Structures are given as structure tokens and as C-alpha cells.
Amino acid sequence: DASDGRVKIGILNDQSGVYADFGGKSSYEAALMAVEDFGGKVLGVPVEVVTADHQNKPDIASNIARQWYDTEQVDSIMELTTSSVALAVQAISKEKKKIDIVTGAATTELTGKQCSPYGFHWAYDTHSLAVGTGGALVKQGGDSWFFLTADYAFGYSLEENTANYVKENGGSVVGAVRHPLATTDFSSFLLQAQSSGAKVIGLANAGLDTSNAIKQAAEFGIVQGGQRLAALLFTLAEVHGLGLEAAQGLTLTEGFYWNRNEETAKFGKRFMERTGKMPNMTHAGTYSAVLQYLKAIEKAGSDDADAVAKELHALPVNDVFAQNGTVAPNGRMIHDMYLLEVKKPEESKEPWDYFKVLATIPGKDAFMDPAKSGCELVKS
Amino acid sequence: MTTIFGIPIQAFLGQLLIGLINGSFYALLSLGLAIIFGLLRVINFAHGAQYMLGAFTAWLLLSHFGIGYWPALIVAPLLVGLLGAVIERTMLRRLYSLDPLYGLLFTFGLALTVEGTFRYLYGASGQPYATPALLAGGTNLGFMFLPIYRGWVIAFSLAVCLGTWLVIEKTKLGSYLRAATENPVLVQSFGINVPFLLTLTYGLGAALAALAGVLAAPIYQVSPLMGSNIIIIVFAVVVVGGMGSIMGAIITGYMLGVAEGLTKVFYPEASNIVIFVIMAIVLLIRPAGLFGRDA
Amino acid sequence: MTVTLSSQNGAPRVVLSARGLRRDFGGFTAVKDVDLDVHHARVHALIGPNGAGKTTVFNLLTKFLQPTHGTITLLGEDITNTAPDKVARMGLVRSFQISAVFPHLTVLDNVRVALQRPNNLATQFWKPLSALEVLNAKADQLIRSVGLEKERNATAADLSYGRKRVLEIATTLALDPKVLLLDEPMAGMGHEDVGMVAEIIREVARERAVLMVEHNLSVVETLCHHVTVLQRGEILAEGDYAAVSEDPRVRTAYMGTEEA
Amino acid sequence: MLDMTLTLELEKQKERKPVVAQTIFLGAGLALLLLAPLFFYPVFLMKILCFALFACAFNLLLGYTGLLSFGHAAFFGGAAYFTAHAVKEWGVPPELGILVGVVGAALLGAVIGFFAIRRQGIYFAMITLALAQMFYFFCLQAEFTHGEDGIQSVPRGHLFGFIDLSQSTNMYYFVLAVFVIGIAIIWRIINSPFGMILKSIRENETRAISLGYSVRNYKLAAFVMSAALTGLAGGVKALVFQFATLTDVGWQMSGEVILMTLLGGIGTLIGPLFGAGLVVTLQNYLATSEFPVTIITGLVFMACVLLFRRGIVGEFYNSRLGRKLGFEHRHKH
Amino acid sequence: MKPLLKVSGLNAWYGESHILHGVDMTVGEGEMVTLVGRNGVGKTTTLRAIMGIVRERKGEISFAGEDLIRVPLHRVAHRGIGFIPEERGIFSTLSVYENLLLPPAVAKGGMTIDEIFELFPNLHERRNSQGTKLSGGEQQMLAIARILRTGVRMMLLDEPTEGLAPVIVQRIGDVLKKLKERGMTVLIVEQNFRFASKVADRFYLMDHGRVAGEFPVSELSQRMDMLHDVLGV
């Protein structure tokens, strides 16, 4: 049974910085919804959710994490936007033997070299984004690529992963240009991409960089000129910020789209009522992570981390976010991803109706083979 | 095909032009920064925030009141300038008698507050702002596809820069302003209303930043962070140009825009730091900056 | 009064000399082909109308400005391309036209700062401040010699203008310079201080070379062995005071028609 | 040249009587720090100590030479990377790892300082900012920093081979010792013949040159010392948190340390300790509150500059009680 | 003679330090009055308080019948008073010419630029250089010249001859005499007696923030002993 008379979940993410839209306060709402949907109690004790803003600073995040674990009886921490934060908190959780479920960070390190028996990676990762957009687009004829890559590790790994899938599927990479982080003007790079004649321009960057690149691509008539833009990490929240006018025709991959079926739409509308916006894969992922965590506790009959981790590895995931999802030994939750295209303004029938689903990427294709992940837990 | 440094001359020309466009923003922003610094001895760290405010005001005007680009080009700088004037009147003014570092620290705090507030209210990912219909589309220059709006940015910013420079350097008002920064009390004893002049100056500087913001709105995402990204580069531009030199700020703005543009072709990884590298070299050779007078 | 003097003989010989000194500011030539010899144990006055280039000559000699042309020799060594702090370390020390003290240090500390370097106590960041107390005796001696003992522990900023000038002279003397350059040392001083400073300069010059700029002609007359008159950057006349003051060109250019 | 509340209280104190009271204060402070882990969360305390040392080292430059560096994050974050890399990749013991951080920061300080000291005042601030920004981009791209992931899971190791630092009490007393040593070094530098020359350079640079001091060398020396001590703080921080990331090299960090110093009292020896304590507590508190941190930080900044420029400790020194205790802080005009 | 400036019971402070303790003086229209006293007795402060640059002051200052205490600093000049500060106040960011043109004319009848350049040929020669690049003496000339243009009725001069070559001192004396013929009123703070005796009608002796004595120029030689005691001349 629950050790201290309650189960406490911490949602730790960026609530005031660059990733505030990506998850932020709304993720806390998502977690609350999951608790309510579960019934508010597990094993007869109340479930509490606390939240904090780590400001994208790993030291603040780890401070909070330690304090939560040590003095506030928090049982698990979720969301964890930004790789540096996620890795730092996962290390602490491992040391303290507590569960962490990452839905907000992309790095495959979490389930690779730095994996933890108590750490789980839920919504997406760089690998699945690469496979989704890279692999699937080639099949649709986008067989020559030019990359606009943010000049740091995240950008490289997105580019590298994607390029591999492009090549594996018979496509080719005709060029790439590395742009510095926080570039405001992409016109030079876009000009190079334009003159390369590639069919697809892959944007291996994130946040404002991606938005600006897309906006300026529209200005220089790139999509009208017949080239396709593929944003490798881009979600509903950012599309909303950019507007359909500039974003139309863009291809991207997400683990969730609210308007995909009736069930997702129902969830989306509920979420919308509480937060004023539709959920993206981070929000839905956090919902799913909380729900699954509670299911695991109930199944284990205890909130002891070892027991819960065992159940989390064993239980299939079936909820609004994932169907028949499974958790690999390295902590990776494997589920389907969706290749999406942004609608033209005239195609959008209602607010937030932004995507056409181009393809569903089966989980086993989307995520890395655990055996190849470099996680020591897999072999044992 | 003719090539220059191994790239086709056409691509080269295109990049040159693009550099000039970016330079327009650098020039406009460093102009305002140089004016405020030159006349108030305040390093206006809030300049980026005021640039962002300009863009946001344009966006708010459009989305809440249906006021379009052209009126916004006047109204937004006016509003931001007014806000600047109020801040100068009520707070900044008290710091003039102190070491200029306090001005820097105060405006730093101001920038944090303003950016934080907008991030809190509107999120960080940015808002769209459409190109005005009149300037939509582009022309094919032969060597590149030039969006008409970008051409407009170059022309308009050049006109604004020159106009401002003329006012400051060649009019009586300008000489009052310059004198007032050195010894406000004495200038006041000559019969000139210095406090009002200083308020006007800060307002003008803020308005110039806001103007750059409105110009930027259709090109970049209107986002609370747009200013903090660019401000540090603009600082470097002003240092290279020679702080306090208004013409220096303008010319260096365009020059470094072009230098950065060309770096993006030859060695894109370095394009973020090329301006800082130039700055280091300039400081070694001419510590006062390219156009600065020795202290 | 007692100022510690280095033990050199008192014979006049050239210690600082400039040949063909020239300085342009843009198109304007502030100093033109000036030859100057400053002698040991002599007080040498540099006078001339405002804007003649006197302060500029000082700046050139002390290397605060780089000459456009010409050479400067200090104690037989060419210092034309030497840095100003190095020049000071070689024994050429100046005062400024606008008083230069360390305003928020006490009088004692002002003098001690000047004494630190010659006594090798400037770079020790591991020693306590009390290490500087060995300098007190010498500092007090200097303070007494300029009549500042009452103000010993006062902050320099609180001193009146004239007292600041006196303090500046004390710090200059602390370096035991071989050549002193004084830019209008009496300007803005009360009448009583003028006499005292003149006395100090006379005393100091027994064993050192002094080059000073001064508009107070009675001081120049009584104190200086040799006068150089500068006009528009060029030497107009040279000689002792009597000779120079008789020169009609000097009278029209500088002194005026009547006894000023 | 600086119109700040920069004063050198300690050298003044010597001639005043209430040394006893001050010794009691000092002793009480130390006792509090020794007992603190009984009442507060150790990691939180260690964080405060690291930042306090950082702020004190920064203050060595600002408060005592009048140079406002807007790039000190480069030394702090840089040292964190160097230490973390040395400890994790080369497997050196923690004390050696910290030394690597200190030396690295000092070298970096020498390079940045070489350029920056050519100018004064705000020019100096801007140049340090720009150069530190260059270093930031370098860290972003360099292989060994692992980009935005940072260097994670840095082992704390065994101090001198036998004190297990993974124990949080051991670690705390180690950090406290480093802090006290760091402060002692700073105190010694300020109150030394060298410190005296620094002061005089701040007061009147031209005069210092004419007295034969090679001002540039002195400034550079002060800059490097400040960088090295900042590196000490950064290196220790990397061990405390067991990672080094980009946050510590960003310019926001440089802004934060200025805030801490300003809040505590520029030119006071222990002011930055209070400033750091306050800022860290505030950040921790606001992390779980409704209100965004940046807004509060910005407002605190503005309020500080407008209303109490002397900072907490400076204001205390200037208060009646402070004056009685002989802490009087002369205010300049 | 009709009084133009009348100061009575003027007190002034710098922060906590009380500098002027009830200064009384009158300057008649067209009169030239010199204020003498030791270093630091408050001469400069008196001028600055009249001008309104020192704001912490009490007492009466009436100029042409109007009380100046309530007039904001930037309006005082427009009443017809020009101030030339001790430290000259030349602007480094302005050229010599711009410095000269800076103070707005407050009334008709000021000197023209040509007249000024005739008076100070140095300034003409250096008119395009940066203000503070002038030599000390040239800066003093510029400071005086600047006010002559504006057409003020009264000038407050703080040690105008400090650091000037004797010829220039003479020339300034001539200028002042010429101005006096035109009806200019002047209040000068001056250390140089020889100069003052040539231009002044009357002397005020200041001590400890008060006026300690007053005498016309004709009595100067008789008073020399007393001055010697007070000033150490």
C-alpha cells in the first residue's frame, strides 16, 4: 500500500521560458485530468499533483527534484522539458530510487547510455521524429533532402537520424547547412536550400528557430516553388502560433493529434475547456503517463518504486494517447506516431483544425530497437 | 558561370542583398541605442524589449482593433515612445547623477520585467503577423527572388536613419541634446528646458526601436524573445561603431549585416560570432571603435 | 624643511632633452619643431599664451601623447617610444593642470600609494595592509614638508583646492623623481600657499631638474633660472627672465603692454 | 571614477574601536553556517554558498576596481565544464578537478581580460558581455560540453582519496571550507598593498599612470584573480550538482550575479553572500508559485537600483546600528 | 543708481552643510561689482545660488523687481542673467562654433559672431575643433564669448582670469569696460586684484558665508591693509 498515506506526483517543466507553450502550465492540467479520470484515489489514498517551473535551468530543476523527493514525499516526477533537465532529474531519480517519466524532452540518451530502471520516456524522441518525417516522406516521393540544422547536438542528432532514414528508404541528401542557435534571419540559408533543388527541406531545429524559418520560407515562395518543408520537431502549439497562412503545407510528426478520431476529439475538447487550447503530444503524453503510473500502482498494490517500475514495464498502454503501447526494458514507451501535414487555411473547418494525417508510423518502426540503444538494462 | 570565392556570383549578390536587409535592422536598432547612449549616457538594455514591444503593439493593434500595418507604423512607435518617456520621467531620470552602470542595470531589470510579462501573457512561441497586401509578393532580380517587403525595409530604414542623423547632428536641437548630456545643469542655466529634452530623447530612442519592431513583425515571429536575441549583437555593433557616434552606429550596422550575411555562405557555423570576432579585432586596433572619438 | 635628496652633485647638466618635437592634431599643429633642454638643478619655466602648446609639450615629454616627429631623451636614454608608466619609473614625473589626487583616499594613503612602487610594495596581494606601515615615516616626512600634517588623516576630496595641489606635489616628490614637470602648480592657490609652494620648488630643484608651466609672472621671475617662451607651438624666445621679458615680441604676444 | 557605494570598510575599521562587536558578528556568522545543515536542506545551502563565492569574486572586480563585467558567467560556467570534464572523463580526484576549473577560468580570464581592459566603464561591460557570448557559442558547439544535454552524472568522488563526497554532509562541509578559504583570499587581496593600488587606479587612473604604475597589468591581474575565484565557485558547483550545463555560461547568469552583488551591497565583503542567499531562495520559491520568475527578478533589479543602491549589507552598514558597530560606509558623491 | 539685483538674507546648503549664512548685497543697473574672499568662503556658491543652480536656498533674490527663488532654473536665463562657471563648462561633444551658438539668445543687443571672433582670434582659428580640445585659456575665452552673444543684462562671472595669459587678461578687462559702456551689469568673483581694480566699481568682501564688508574702488588702496589681513594678499 501507499507508504505515507498519499501518492504525490510532481510535474516539473518550463512554465515561463521558451518551452512554456510546448507543455507548461497546461501539462499540469493534463495531469489533474488524468487523476480525476482515475478517480482521484489509488489504493484508497488520495493522489496529489504538485508542479514547479524549472526555468530551463538544470540546477534549479535538480534542486526542486531533490527537495521534492527528500522533504515533500513526492513519489514520481513527470514531463521534464529540455534534455539537460531531463537527464539531470533522471540521474537524481535513479539515485533516490524514484520513478520519472519524461514526456517533454527529445534526447534518446534517456533510454540509451543514461537509462535508468526507474526512468521512462513516454511521448516522443529524436529517433521517432526522424523516422516519422524522414522515412515516411521519402515513401511519398520526397527523395532528395536539404537540411537546415541548428548548430548544436540536438540539431545534429535530428539531422543524422533523419538522413539515415532518408537514405535507408532510397532517398538522398543533397546538402545541409548548419545555422547558429537563435538565428533570426534564415533567408541566406533558405536561398541556399532553394538553389539546391532538393525536394524536401528538413528543418532540424526547434522552437522559434523553426517558426522563423517556416515564416521566411513562405516569404521567399519556397513552398509555392514546389519544395516541401519538413519540420522535425514541431507541434500543434507552434503551428497555432505561426498561423496556417505561413505554416500550410508543412510536414511534421507528432505522437498525438486531437482531431484524429472521436475519442481524441473528446479529450481535446475537455482539455480546451480547461486550458483554452488544444493539447499537443506533450500534454496528451503527460496525461497518459500519469494515468499509466496510477494504473501501475494499483496493479502493484503499492507505491514502492521497484514494484511500480516492474508493473510499468509489464502493463500495456491503452488510453487516448497510445493504443497497445508497450514499454521496452530501457524505459522507452513504444507507440504509434503520426505523420501530419498542415492544412491550407481554406481547408481548416474549425479552430485548431490544423492537420491532415498523412500516415501512421507503427511504434516498432518509430522507435529505436532497444537492443541497439546502448542501455545496459537491455542485455541483462 | 562566373564565381567569386568559389560561389556563383549570383548567389553572392543575393547574399549581399540579404546582409543589407539584416543590416537595416542592426542600423535602426543601434541608431536608437547610440542616441540614448550618446545623449543620456545610458546603455539601454531595454532596447530589445522596446523593439519587441513595437512588434507586439502592431500585432495587438491588428488582432484587437483591426488596425493594420500602415497606421501601426506610426501608432506603435508613438505608443512605445510615450511609454519610454513615462519611464524616463518617473524612474530613469533619478539615475543620471550616478555612475552610468546604474542605468545599465536598471534597464536590464526593465527588459526582464517587460519580456517576462509578455511571455506570461502571450507565451513564448510567437504570433503571426501578415505582410501588408501592398508589399506582398516578390520580384525576380535575376540573381535572386527578392520579396518586395524586404526591399521596402532597406529603403525605409535608410531614410529613417539618415533623417534622424540629420536632426541630431545638424540642428540646434541636436546640439542642445549633446550638450545636455555633458552638463545638464549648465545647459539648463542657459535657459534650455533640459529635463524635457532628455525625456524626449529617451522617447525617441524607444520609438526608433519600436519602429524596427513593426518593420520586423511581418518577417519574424512576433515573440517576447525576439528582442533579447538581437540586443547583444546590436551592442556589439555599437561598440564596433564607436559608442556615442551616431553615424558610426548606422554605417557599422549595415556593414556588419553584410559581413554576417557573407559569413553565412562561407562558414555558417561562425555567423553568430563573426560580429564578436570583428569586435575583438577592432578593439585591438582602434579601442574607441571605428568611428568613435577618443575619450 | 627636509626633503630627502638623492646624492648627486648639483652641477647643471642636461637630463631631459627634446629635439624637433612636433605634434599634429588632425590638420592642426599644436607643437612645431621644439628643441628643449632641461638641466639638473635648475628651474626651467615654460610660458606662453593660452593654447601655445605648453600642456601638449608636457604630454609629449611624459609620453601621454605620442609625438608626430622628434626625439626625446631622458638621462641619456631615448624614450621616444616608451610607455608613460615606464617613463615615470625612469624618473620623469609630472603634475596635472587640473589637480590629480586620489579623492577617496586619505592624505597619508595618497602619499603612500606613490611610495609603494619605489619601495617594491605594490604587487604583493598576499601581504596584509599593515605591511605598508613601514612607509609611514617617509610619508609623514613628505606630508610635513608640504605643511599637510593637520590634514594627514583627512580624505583628499575634503581638502580645499589649494591643499589638493600641495598634496599633489607631495605625492610627486614621493617618487624621488629626477625630473619634475609641473603644470601650473600655483593656479587657483590662495596667496599663502603660493609662497610655500614656491619655496618647496626651490628646495627641490637643488638636486633635481624642474620644468614648470606658470602664468604667475612674479613666481616665474623669482623662481626660474631659465625661461622658454612658446607661441603657436614654436619657441619664440629663450633666456633668463630679464632678457625674455624685455623682448618686445614676448611682450605683445604674452605679457601685454603694461605690467600685468 | 565610480560613484558607487564602493568602500573599503575593513581598512577603515582598523582605526575604530568596536572590533569586538565585529568579531562577534563574524563568529556568529560562521557558527550559523556550521550549524545550518541541521535546519536547512544541504543542497540548497551549498547552492547558496557557491553563488555567494561567485558573487564575492565578481565583487572583487566591481567593488574594488570599479570594473563591471557582464561576462562572468563564462568563468563560472566554463570552470564548471572543465571540472566536470576532468572528473568524469579523466577520472581525476575532486580537488584536482576543481584546480583544473580554476586554472581554466584564469586562462579564460586572461584572454577576455586582455581585450576588455582596453576600455573602461560601460564599454568594458559591453566587451565582456560580447566575449562571454562568444564563449557561450563555443560551449554550445564544442564536443566535450555535450551541447544542450550538458555533462551529466559527474561523480563527486573522494576528497584526498578518503572523504566520501557523495555524503551530503561531507560535501556541505567541503563546500563551506572552500567558501571560507575563497572569502579569506578575497579579503587578503583587498586589504593588501596590491589592493591599495587597485583602489587608487579606480580613483584616478591617469594619476596612477603618472606615478609609474602600469595600470593595464594591474587591471588584468585583478581580472584574472576574479576569474580564477569565480572558477573556484563554478568548479565546486559542478561537483555539488554533478553536472555542468549551458545555463551557467549564458549571459543571464552574468546578470544574475550582478543582481546578487547589487542586492547584497557592492563593495562590501559579505554583501554578496546575502544577495546570493536571497536570489537563490527567491528562485526556489517562485519555481513553485504562480508568478513568473523573470518578472520578479526584473522588478527586484529595478527596485534595487532606484531605492536601495547600497544593498542590504551596505544599508545596514549605513544605518545607525551599523555605524555604532563601526561598519560605517562612506557614501560618495 | 537703480538696483538690478538685490539679494537679502540668502542662505544656501549642499546637502547637510550650510554654506551661506545670510548674504546681503545689491548690484545697481550698469554697475560692475567684485566679490572677493579666501578660498572656500562661498563666493562660487553665492553665484550659483543666485542663478538657481544650488536649489537648496532660502532668502530673497530679486532681479529687476521679480523674485527669482520660485523661477525654475531654465527660466532664469530668460530673465536676462548669464552665468560663466568656474570650471568653464565647455562641451566636448560640440565644436567650438557649436559651443558658441549653444545658449539661446534671450534678448536683442548681444554681440555678433564677427565681433566675438574679432575679440578672440584664437576661437576663430579653432572654431571647428572639439570644444574641450582647446587649451585651458582658450576654454575660458570661449566660456565668456558664449554669454556675450545672448544679450543678457547681467553676467555672473566666476574667476574669469584664472589660468589666462596676461595679454588675455588685459583684453578681457577691455571687453568688460566696453560692455559697461553699453550698460551691462556684472558681478565678478575674482582673486586677481590688479584686474579687479581696473574694472570694478565696488567690492564686496566675503567671509564665512556672509558679506563682511563693502567699499568703492576708490577706497581700495586705503583698504589694502585690511584685505591683507583677511586674504593674506
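Just a few scattered comments:
Here the chain labels run A, B, C, D and E in written order, and each chain numbers its own residues starting at 1.
By definition in this document, contacts are C-beta pairs under 8 Å (C-beta built on N, C-alpha and C of every residue); 3 or more make two chains touch, one makes a residue touch a chain.
Please read all numbers here as calculations on a predicted model, not as lab measurements.
Each step here moves to a touching chain, and the least such steps from chain D to chain E number 2.
Summarising the inter-chain layout, the chain whose CA centre lies farthest from the centre of chain C is A. Farthest chain from chain E (centres taken as the mean of C-alpha atoms): A. Computed from the mean C-alpha positions, the centre of chain A lies at a distance of 36 Å from the centre of chain B.
Rounded to whole angstrom units, the spacing between the C-alpha centres of chain B and chain D is 33. Spacing of chain C relative to chain D, judged by their CA centroids, is 42 angstrom. Contact of a single residue of chain E with at least two other chains is seen at no position.
In chain B, 116, 119-120, 269, 272-273 are the positions where the chain touches two or more neighbouring chains simultaneously.
Under the touch rule stated earlier, the contacting chain pairs are A-B, A-D, B-D, B-E, C-D, C-E. For chain C in complex with chain D, the residues that touch the partner chain are 62, 64, 83-86, 88-89, 93-94, 96, 100-105, 109, 112-114, 116-118, 121-129, 131-132, 155, 157, 171, 175.
Chain A meets chain D in the complex at residues 15-16, 50-60, 62-64, 66-67, 70-71, 82-84, 87-88, 91, 107, 109, 114, 151-154, 156, 180-181. Listed in rising order, the residues of chain D touching chain C in the complex are 7, 11, 14, 188-189, 191-197, 199-200, 203-204, 206-215, 221, 225, 330, 332.
Chain B meets chain D in the complex at residues 37, 43, 91, 94-95, 97-102, 104-106, 108-117, 119-120, 232, 235-236, 238-239, 243, 269, 272-273, 276-277, 279-280, 283-284, 287, 295.
Of all residues in chain D, only 41, 43-44, 47, 137, 140-141, 146-150, 152-153, 237, 241-243, 245-248, 283-284, 286-288, 292-294 touch chain A in the complex they form.
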